[in-house]
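The two complexes that follow have chain A in common; it is paired with chain B in the first and with chain C in the second.
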Partner chain A sequence: MSLAESTNKSPSLVQTVWLILQKDLRIEWRQRARINATAFFAILTLLLFSFAAGPQAALLEKQAPGYLWLAIFLASVLALSESMRLENDNEALEGLRLLSTTPVAIFLAKAILNSLMLWSLGLLLLPLSIAFYDAHMELGLHQAALVLFLGTTAISAPGTLYATITSKLQAREVLLPLLLFPVLIPGLLASVKAMTLIYTGDPMQQLPSWLALLFGFNLIYWIVGGLLFGRVIEE
Partner chain B sequence: MKLLTGKIIPIIALGLLFAGHYIGLFIAPTERMMGDVYRIIYTHVPAAWICLIAYTLTFFASVYYLFRNKMGADIFAEASAEIGVMFNAILLITGSIWGKPTWGVWWTWDPRLTTAAIMFFAFIGYLALRRFINDPERRATWGSVVAILAFIDLPLVWYSVKWWNSLHQLQSTPQTVDAAMVTPLRISAFAFLFLYIWMVQVRYQIGVKRLEQEQALPNPIAQGEQS
Partner chain C sequence: MLAQLDKVSKRYGRQWALNQLSLDIAEGETLLLTGHNGAGKTTLLRLLATVMRPTHGTIQIFGHDSKTDYEQIRPAIGLLSHQNHLYNQLNAFENLELVAKLSGKSTENIPGFLDEVGLPSKGQKVVAQYSAGMKRRLAIARMLVRQPKLILLDEPFGQLDPGGVEMMEHFIQRWQEDTTLLIATHDIERGKKLCSRHLHLEKGQSVCP
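Coming up: the complex of A and B.
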């Protein structure tokens, strides 16, 4: 079902989100160079951290979860700003708004797309960080994937909103991280702590608390983002 | 009314500021453990209170703007945020000066310190964003969204850093501070409050004038950022 066909039957929110998401995934797939460049940037960042920390294997191993998340954070700025820049070319966002889409649907589709991209990036960086820093994972891969998922969705909700705001401005490269990073601090802290527990083991059962914090952060920003997105894209 | 806001409020603010700091520095007793270093609280603690009040009012003014589209609310939100950032800077600097002799470090990753620093950068971001948007209504809308997102983050920052690490001494309240120390603290707090009211009022008038100038410009110049 195309977007044009579906508009005649006024599709549900889920259908609209899925259609926009499909469109964006197709665009991303056709422009694979952009995904590749972001991934290589993140890998390069992982390498740079090891140069900054010096060749001390013990220190690198200890800091591995933090470096992994910083690499994802820095790469997220590139991924987020690029995802919204596409919509500004030829007033594509205007086109989407003219169809029977709601701002909530556009926000959810964009934020889910960014989450998927960053989660995939996280899953790629995880084994690389283990290899580069000679780290070991005490807990299972599914728990690491869950932390990566919650951490990247935490970046995506406020990130999508801020990327939409800054994408039309001249100083977007500076403004996006300046606005986004302070807001993401609780998400970064919880993600790093949770990932550290996955690397070092969790004898005190602290992981659920950090996951709960990440979940709460997500809940707040996905709801608030959905509520405010309409005002952000209005003309 | 103009006399009250233009002359009387600043006079009250400066008078209270002098009285509070004079009593705090020269009359209040010396603290048993920290010695005279503690006297910085007469600037530090009121700065923290007024900074929080300023950001809270920015938040409510931003929410109000999104519901009612009143430009006055947005001008107030910006004015309050700017003054809040100033008090926030005072808070961070005095906290650091106090931290060195007391804790032995200029900076530590304690919940209150970290939250104050994050607050500072979040609202610097808010003010920076506004400088890059020329269309007043768009600036007001986007600014309001950013202010709301920054403000709701503060409790999350506080709780996450609290779980992560904690060192800060218990918050000072009239119950934990000697009566002779409370009076100058209260006077200083009111001094800062009047200072805030005066500054916001002046900044609000500047904001109104700027908006009038912007709206007097022909459209292509006023909406120059959509290039």
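Coming up: the complex of A and C.
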């Protein structure tokens, strides 16, 4: 018997990513625990920053973009560490591997889901940060949404990879931020700089450069993540 | 030969789970795998399923090297392990639908497969609410959807009620018609009735049963 006899026409990479993503969205919607916990944690973090800075309206307004990104950054650890848990229950990830699903497809589906979650979180926190810190945006909402998109995808790709590496370790909650934060710092700095320009205005036209830098970080993170994910999930 | 193991060893830390095991598995045979706990049965099945790689030695399955060509081998392999590879937050139909779509199989027969294993085809109950036996039945249905050519069963009668055990025997007999099977079990008498060859493992090595 040849192996070809037993194999069927497998779905394409895009179809596979969509099938896994669809499954994950369905599961996330049914549980909603990860979404709710991450959102509440991020909102609480935003509030805590305003308490920590005290009643200094000017300082809060100036620091608002940084606080916004720190809230997303810290909440992302919570979201990412939970993202692989459903794949570890009943060794479901092993089941996916046995279906000959390519590691790249699994990585893309997981990273896209995490990006969607963190981007939505960013969009939720944006008006809240304006309200909490009495800040205002000089540039448009679509530019802010673009910065949030590029910033959160820059967190999600390495985040998905490191969450997978640490998902089976006992001290994963501690190890994930230890491994992840140093990798995320360049993307975080670019995101804060770009968001500061959105809040304060961009008379020197610097925003396109920061967006290009964020795009570059994303390119590196997503390519490296896709290439390494196979090594991480295979023995 | 469907699968050939050449001096295969597998080590976990300092412990050798398999030690220089050589084995040929012919197409269409049903091999009974016995041994005490820790003898290396599950390790052997997982190596053949390509979810694990040998520390030393080579495994050829369908003429492909398991270390390098696992993506070609996997679609033809079905593993029923202690873990059921099921998503707890999906219902039975959704679990099987995902498997069918990712394997490029039709989803039309899923209600029939669920019926065959004695699970409701339209139930909205998610797998998290299933008993261990029901999860095992669903894992069997997963195998029916995939129709692999090499089936690896790790303690297939565990977690099943008497009706489930009878059903499992029925499926093994049906699979024997066109599939190669490896059955690891402590239920030696039942296994001997079903299998054409017996391999007994002790400390990771094959011994005369």
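The working rule: the second predicted complex is superposed on the first by the 227 of 235 C-alpha atoms of A that agree within 3 Å, B and C clash if a C-alpha of one lies under 4 Å from a C-alpha of the other, contacts with A are read in each partner's own complex, and residues count from 1 in each chain.
As a working rule, a contact is a pair of C-beta atoms (placed from the backbone, for glycine too) under 8 Å apart; a residue touches a chain by one contact, two chains touch by 3 or more.
This structure is a prediction, so every number in the text was calculated from the model and none was measured.
Participant: Counting only touches as set out at the top, which of chain B and chain C does A:Pro158 meet: first, second, both, neither?
Facilitator: A:Pro158 sits against chain B, while chain C stays out of touch.
Participant: Have a look at where A:Leu99 lands relative to chain B and chain C in the superposition and call it first, second, both or neither.
Facilitator: Only chain C is touched by A:Leu99; chain B is not.
Participant: Can A:Ser209 be said to touch chain B (first), chain C (second), both, or neither?
Facilitator: In the superposition, A:Ser209 touches chain B alone.
Participant: Is A:Pro186 touching anything from chain B or chain C once the two structures are fitted on A? First, second, both or neither.
Facilitator: After superposing on A, A:Pro186 lies in contact with chain B but is clear of chain C.
Participant: Go through the superposed model and pick first if A:Lys168 touches only chain B, second if only chain C, both, or neither.
Facilitator: In the superposition, A:Lys168 contacts chain B only.
Participant: Given the touch rule stated above, what does A:Arg231 touch, chain B (first), chain C (second), both, or neither?
Facilitator: first
Participant: Look at A:Leu48 in the shared chain and tell me whether it touches chain B only, chain C only, both, or neither; answer first, second, both or neither.
Facilitator: neither
Participant: Where does A:Ile130 make contact in the superposed view: on chain B (first), on chain C (second), on both, or on neither?
Facilitator: neither
Participant: What part of chain A is shared between its chain B contacts and its chain C contacts?
Facilitator: Shared contact residues on chain A (touching chain B in one complex, chain C in the other): 234.
Participant: Contact residues on chain C for chain A in the complex?
Facilitator: 2, 27, 49, 51-53, 62-64, 70-79, 81, 83-90, 94, 98-99, 101-105, 126, 135, 142, 146-149
Participant: Which of the residues in chain A end up touching chain B in this complex?
Facilitator: Spelled out, the residues of chain A in touch with chain B are 158, 161-162, 165-166, 168-171, 175, 178-179, 181-183, 185-186, 189-190, 193, 209-210, 213, 216-217, 220-221, 224, 228, 231-232, 234.
Participant: Inside the complex, what are the residues of chain A that reach chain C?
Facilitator: Contacts found on chain A: 1-3, 5-11, 15-16, 19-20, 23, 26-27, 30-31, 86, 89-92, 94-102, 234-235.
Participant: Mind listing the chain B positions that touch chain A in their complex?
Facilitator: Chain B reaches chain A through residues 66, 114, 118, 121-122, 124-126, 128-129, 132-133, 141-142, 144-146, 148-150, 152-153, 156-157, 159-161, 163-164, 225-227.
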